[in-house]
Amino acid sequence: MAPVVDLGFANVDTHRALRKGFPEVIFASGKTPEQVVKIAAALRKREGQVLITRAGPDHGRLVKRRFKGAVYHETARCVTIQKKPLPKREGIIAVISAGTSDLPVAEEAAVTADVMGNRVERLYDVGVAGLHRLLAHYTQIETASVLIVVAGMEGALPSVVAGLVRRPVIAVPTSIGYGANFHGLAALLGMLTSCGSGVTVVNIDNGFGAAYAASQILALANEL
Amino acid sequence: MAPVVDLGFANVDTHRALRKGFPEVIFASGKTPEQVVKIAAALRKREGQVLITRAGPDHGRLVKRRFKGAVYHETARCVTIQKKPLPKREGIIAVISAGTSDLPVAEEAAVTADVMGNRVERLYDVGVAGLHRLLAHYTQIETASVLIVVAGMEGALPSVVAGLVRRPVIAVPTSIGYGANFHGLAALLGMLTSCGSGVTVVNIDNGFGAAYAASQILALANEL
Amino acid sequence: MAPVVDLGFANVDTHRALRKGFPEVIFASGKTPEQVVKIAAALRKREGQVLITRAGPDHGRLVKRRFKGAVYHETARCVTIQKKPLPKREGIIAVISAGTSDLPVAEEAAVTADVMGNRVERLYDVGVAGLHRLLAHYTQIETASVLIVVAGMEGALPSVVAGLVRRPVIAVPTSIGYGANFHGLAALLGMLTSCGSGVTVVNIDNGFGAAYAASQILALANEL
Amino acid sequence: MAPVVDLGFANVDTHRALRKGFPEVIFASGKTPEQVVKIAAALRKREGQVLITRAGPDHGRLVKRRFKGAVYHETARCVTIQKKPLPKREGIIAVISAGTSDLPVAEEAAVTADVMGNRVERLYDVGVAGLHRLLAHYTQIETASVLIVVAGMEGALPSVVAGLVRRPVIAVPTSIGYGANFHGLAALLGMLTSCGSGVTVVNIDNGFGAAYAASQILALANEL
Amino acid sequence: MAPVVDLGFANVDTHRALRKGFPEVIFASGKTPEQVVKIAAALRKREGQVLITRAGPDHGRLVKRRFKGAVYHETARCVTIQKKPLPKREGIIAVISAGTSDLPVAEEAAVTADVMGNRVERLYDVGVAGLHRLLAHYTQIETASVLIVVAGMEGALPSVVAGLVRRPVIAVPTSIGYGANFHGLAALLGMLTSCGSGVTVVNIDNGFGAAYAASQILALANEL
Amino acid sequence: MAPVVDLGFANVDTHRALRKGFPEVIFASGKTPEQVVKIAAALRKREGQVLITRAGPDHGRLVKRRFKGAVYHETARCVTIQKKPLPKREGIIAVISAGTSDLPVAEEAAVTADVMGNRVERLYDVGVAGLHRLLAHYTQIETASVLIVVAGMEGALPSVVAGLVRRPVIAVPTSIGYGANFHGLAALLGMLTSCGSGVTVVNIDNGFGAAYAASQILALANEL
Amino acid sequence: MAPVVDLGFANVDTHRALRKGFPEVIFASGKTPEQVVKIAAALRKREGQVLITRAGPDHGRLVKRRFKGAVYHETARCVTIQKKPLPKREGIIAVISAGTSDLPVAEEAAVTADVMGNRVERLYDVGVAGLHRLLAHYTQIETASVLIVVAGMEGALPSVVAGLVRRPVIAVPTSIGYGANFHGLAALLGMLTSCGSGVTVVNIDNGFGAAYAASQILALANEL
Amino acid sequence: MAPVVDLGFANVDTHRALRKGFPEVIFASGKTPEQVVKIAAALRKREGQVLITRAGPDHGRLVKRRFKGAVYHETARCVTIQKKPLPKREGIIAVISAGTSDLPVAEEAAVTADVMGNRVERLYDVGVAGLHRLLAHYTQIETASVLIVVAGMEGALPSVVAGLVRRPVIAVPTSIGYGANFHGLAALLGMLTSCGSGVTVVNIDNGFGAAYAASQILALANEL
């Protein structure tokens, strides 16, 4: 069987689950709901899990109508179509966010991590302006296996979290903020130059990418 | 007496002490040691305090040779010539720095605040990568009247400090760091977009400006 | 009583008035009117003053409907809910703006300073293109305790004002302008590199932050 | 025993090994050889492993003279002082570089990963201009546990590598290149926007940070 | 006959076909449908081929109504009015795109190359995240005379393609992506600093320009 | 006589005095002293005035040795070789500078304006931090025909000067400053977005260009 | 009579005609039609000429309804209210534009220059892609007193024009273009670094500013 | 024979001549003279042509000492080692430069094109500030097969040249200029947004890349 399904407007990579451990994920932004449905259909024929990210309400509505059991995660702007959820791996991915406005990005990370077969703990609105909110959850933070830290504005939270734990910290800058934030640039530069050793960074607003990386780490930890 | 001394290459503003509460300060960078000495002489004839910032060793050497009692503060790159130190105001200016490499900027702030008649407390190398180093000094931080917080890299320290205190926090980004730091831009943007309410910011590496503002605040508090 | 109220989507920091001298302020932008109302309710149960910034007409309308005595400040895009106004501190905060288009930012500063318990004087549309407009108000400028200077375009006004007074000047760049203004970047860089000693700067359009800092300064001056 | 050693110019964080799993690492750039030696002495008294990064020849020479067994890794610009090497963890960290000029960054990663107790495989000068050089090492690439991919110029290598493997890929942009490379910015932006799912990124030229993160991942995998 | 038709709002350059080998092309964006029709009429009177780029549906509709035989290429946002198609030159222009979202730019290139008298082969959605999709078309790629490679995000595809072929590669960055992509800047810088020798680059989203250059190359090859 | 002298490494445009009213000017930076001398010789054979800008001491020394009457203006980094000075035009060009460090740029403007046949008045170190220094010269400023205003840092001086006069103001940003000045960018953006109507701007540090434009204006005023 | 009319939201500078030679000009963007009308009324009471720039259709409609004889210049987005047109000065201001899309900016310049009492000649769509279109108007170009050159994209036209004439050239970059144009930045940087001596530059899309400067030049030429 | 020679520090790609039509080229910058010699030796054993770019005098000296017949092209900073020059292809590559300071980049292009087997014509110092210098060479320009146009500052020359010819124009921005040139950024953006159809662009100062592309074009034209 050829490892590609040619839909004319897209070459669906059906070899990816084999190579990468999870099927191709559909990035809905910039595609019509119909295109998304066609790619989803091609994937669903072969795979147990379909994940669609950056899905607007229109994408969500059409996909739900076409696929029984499809779920639209509104805040996360994701759709999941699962024949049967993957069994959960050992270990926990903590998704920590600095502010209320970072929720869409944090939820994209949480939904992605979950559908990829991981246990997820959410810890939201614990930014550094009130350290006691963060430190109140010290045990949860310390026992997580991988930490995804989502923050906009100056993006200081990953540095503080990384100072507290020995586990991998993946920082996600968000475009939340205004003025000198320059659409997430301030948070991005802040995280890249973090004084916290071992912090790695993904693109602005890329909750999906952070969860994907966290899941790869946990998969390794379960399979090594 | 005319409020300006025309030296040909410079118009020394001898009216400034009256207007601003402290005599004109000499920015040595880009001036020859001789030029600095001439401006210093014009000021010293009229003023009790002369402050020279961004003074290299050459400036330091010549000024010390010409003016008895001149002191060269090496780390701070400042020279002070004081007929008699100003009496100290009530209240304390805390100068807090994130790392060892921020010392020149922090010392420029400390020396400036001191010569302008303020009590200064130094708290160095207490960055957010090890929060316990900062929190160990909680009382000192909480009782300061004004806080100058100096940090390079991602510049997260002012946000954390501002979360702990009710007093004015002046953030100084430094050019310490490399790569995506872009010569202090990361720290600058981080501080401008800080989630800590009431943080104000000065130019990159501008320890002098931060101390000047802090001194103005303390002067107001003593004179209101 | 726990110092945090967990609303699910937000961790309201009810400890902040104690730590910072004023309750948590609600940044409405990016939150639904319902979310804003819920946070406001949690705060109002405990605090005498509630301040909501960046509130659009929708936020304004719903908050006014739910809370008796709520006031929507249209130009400032703020809502205030005051059980009883705070007594006014000694000293005056002057809010000075360069042009008519800077009004929303200047008013955000003025409303914030007022609700935090300060006397405010407004001095609008006195940019440097007609110096006589500014100099006509010299006495008012000279006797202010703290000066908030709001300007877009090239942001030259804070430098000129700082040259005239001995009191703290807080500069607020606005995004007013076009072309090489780059959404406030020109004014921001201009203010950061101001030749006026002691000027500190807040984020573009951040009238709230400037007033918060000014209020902290006046609080210190009243409490020292 | 207090968790900090105060050297006057530095607050050595002796609590870090406990918290982070590895002692504080000395960033030599911007410190004098004497300062580096003093911090190294404070650490060595308590720890089995001392790592100094960004060490110039001067730092290297003095440290080697003072500490028996110190090794200066010239290309990596690192010094290691090991009482006894840590036992090697299970799993392999592959360090892959695109070009010959990326060697200093790649070696910094390799030396760091090694001293932190990991097995390291080096795969250098296999950039995408000649894909066969990369594909010739397919088995090595596929069996690595974590992959550090170092590249300058357009930074395309991590995308290609991430397309081939299911394990975590950490991308390190280098400042190699000229013109529109803008000191590593092109590679940095390229890696952040990589189409390869799960790629995380560290600061430009930050081989140390990539290895630190990789080691944390492998530690988790060994300890879960 | 004067080589310019003055329409008041535009100076149509009717000398261009002579000088450049193809008539002036109408850039519709920023012009009203009526203006476009007037320029098209002036050109059609003299030329066999009229090409309109960046044409929205409104432009498309009006032009089709006015000119018999006009074709609106929706994805490409182009209109063509051909009295008789030009005979096809020897050689093939391959248009290769990395992702589905790059289609509008790729189609602009393909339509332009076609109307200018070239044979075009399309190869879409073959980005480097799944190299096998690209390598499956190795023969097609190797036998093309000129290759236009269209990619957004990190823009790595031209480097990989250029490593495989001896023919000219013209890279077109697209504005596809988000965050650190900065509207195509990441792809643009990546392509300019490509390690693939001989890659030349056109403006972001400029499929037209790439095809124009490719056609000039093939014209030379047919006429030398 | 051909309007070009081909020196192999340079095509000296001997037609320029005719077309532009002043002979080609030699930009010495990046040329060897020998190259400068050769171009100067070619010009001097035909022209009464030779102007060399951005001349280092080496250029200055060699040109003075070779051409009798050549003058090296050290601060301005210019060399002039005049057979006979041009007669002075009616009207005055005022060169106004904000600070002492702007002198090299201001002097480049003054020397250029002088050699091109204009009366020049210098007004230095009158920045906006002390408005009285500027206003003291109000009559001189008001009676100038054209004003060249040179400023670094935030570049506020042209806005203030333009508010006072009805004559053309040409603003020259200088690279003086540090940090957020970004090598003159802050001053440049500030001048471009100046609220002073009619301010035009030249490149950073381009004193020559400002004087050239001012001289063209005065020439027009004398010739109309 | 006080030189300022305080409208509450604006301080109308009625002293400006005296100081600058032309009354204050109203920048309508960001003001409501009612605000514009009020300022216009205050000015019209005292001045013979009122100019409103950046006026949208709403501003235009209301102003025309309120003031008899008001003219809305649609392409230029300007409104003029003239009691009696100013007598025309000697000399000609040529407004030259590169492309059809630059018309709004060119027309803003032309209308401004006209209302300020100057003769204007328009020369549109003569960009460097077809040099013969420009050279066909050589006499017109050569005899103009001042030249305003408007161009988007790469902004090359001012360099070419400046190479042909001895009169002042004022360059106006426009935001026309896409991709690497970055909203006029490409044209702006190009004009600032122009190899044409004596070119001065105004802000992106600032046709008004260019005409204001040109008018000042011509006024000087008529009054010297 | 394996298509790679592993030198430890470099993987020499000996398959490249087969794939790309010319052997791997050595980029000397950042390599020691010894490293360059070793790679050159590995290549020379298999290939008739060795080209080393960005070679400093040290590289030049050592390579000349080791390889008989090696030539160091000083201005171009290239070394060539040719067993026997390649036969010249039909057609001409014109290398056109705007100014004297662009010579090193123009010569890098010329030497590269020559060693790759092409006829080269040089046309230097013909920038747009004096159009007659360019137009004097109209025939040469019009008859060239491919045109490499090298320019710094505002980079306007490629637009003008592209307006005159029907053949491919490859634009090379140089870092020549100062201030708002930002190390070649102005020229780069100008060329990318050129109004001249069909202009393609290479990296700043990348004369080599332009010549490589030009040679590929001429090779196609000779082989199709």
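All chains are identified by letter, namely A, B, C, D, E, F, G and H, in their written order; residue positions are counted from 1 within each chain.
What we mean here is this: contacts are C-beta pairs under 8 Å (C-beta built on N, C-alpha and C of every residue); 3 or more make two chains touch, one makes a residue touch a chain.
Since the structure is predicted, the reported quantities are computational estimates derived from the model, not experimental observations.
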Co-neighbours of chain F and chain C - touch as defined: B, G
Chains touching both chain B and chain E, listed by label: A, D
Option in B-D, G-H or F-G whose residue-number contact pairs overlap C-F by over half: G-H
Between chain A and its twin chain F, rotation from the CA superposition, multiple of 5 degrees: 180
Contact-richer chain pair (by C-beta pairs counted) among F-G and B-D: F-G
Separation of mean Cα positions, chain H and chain D [Å, integer]: 36
Rounded Å distance between chain A and chain B, as computed from the means of their C-alpha atoms: 44
Computed distance of Cα centres, chain H from chain E, in Å: 26
Overlap residues in chain H, where contacts from two or more other chains coincide: 19, 129-130, 163-164, 179-181, 188, 192-193, 197, 203-204
Pairs of chains in contact (touch as defined earlier), listed by label: A-B, A-C, A-D, A-E, B-C, B-D, B-F, C-F, C-G, D-E, D-H, E-G, E-H, F-G, F-H, G-H
Complex contacts: residues of chain C adjacent to chain F: 98-99, 127-131, 153-156, 159-160, 162-164, 177, 179-182, 185-197
Parts of chain B lying in touch with chain C, wherever the complex brings them together: 19-21, 25, 90-91, 145-146, 163-168, 170, 188, 192-193, 197-204, 208-210, 212-213, 215-217, 219-222, 224
Sites on chain G touched by chain E in the complex: 100-101, 103, 124-126, 129-130, 132-133, 136, 176, 178-181
Interface residues, chain C side, partner chain A - complex: 3-4, 9-11, 13, 15-16, 19, 29-31, 35, 173, 175, 183-184, 188, 203-206
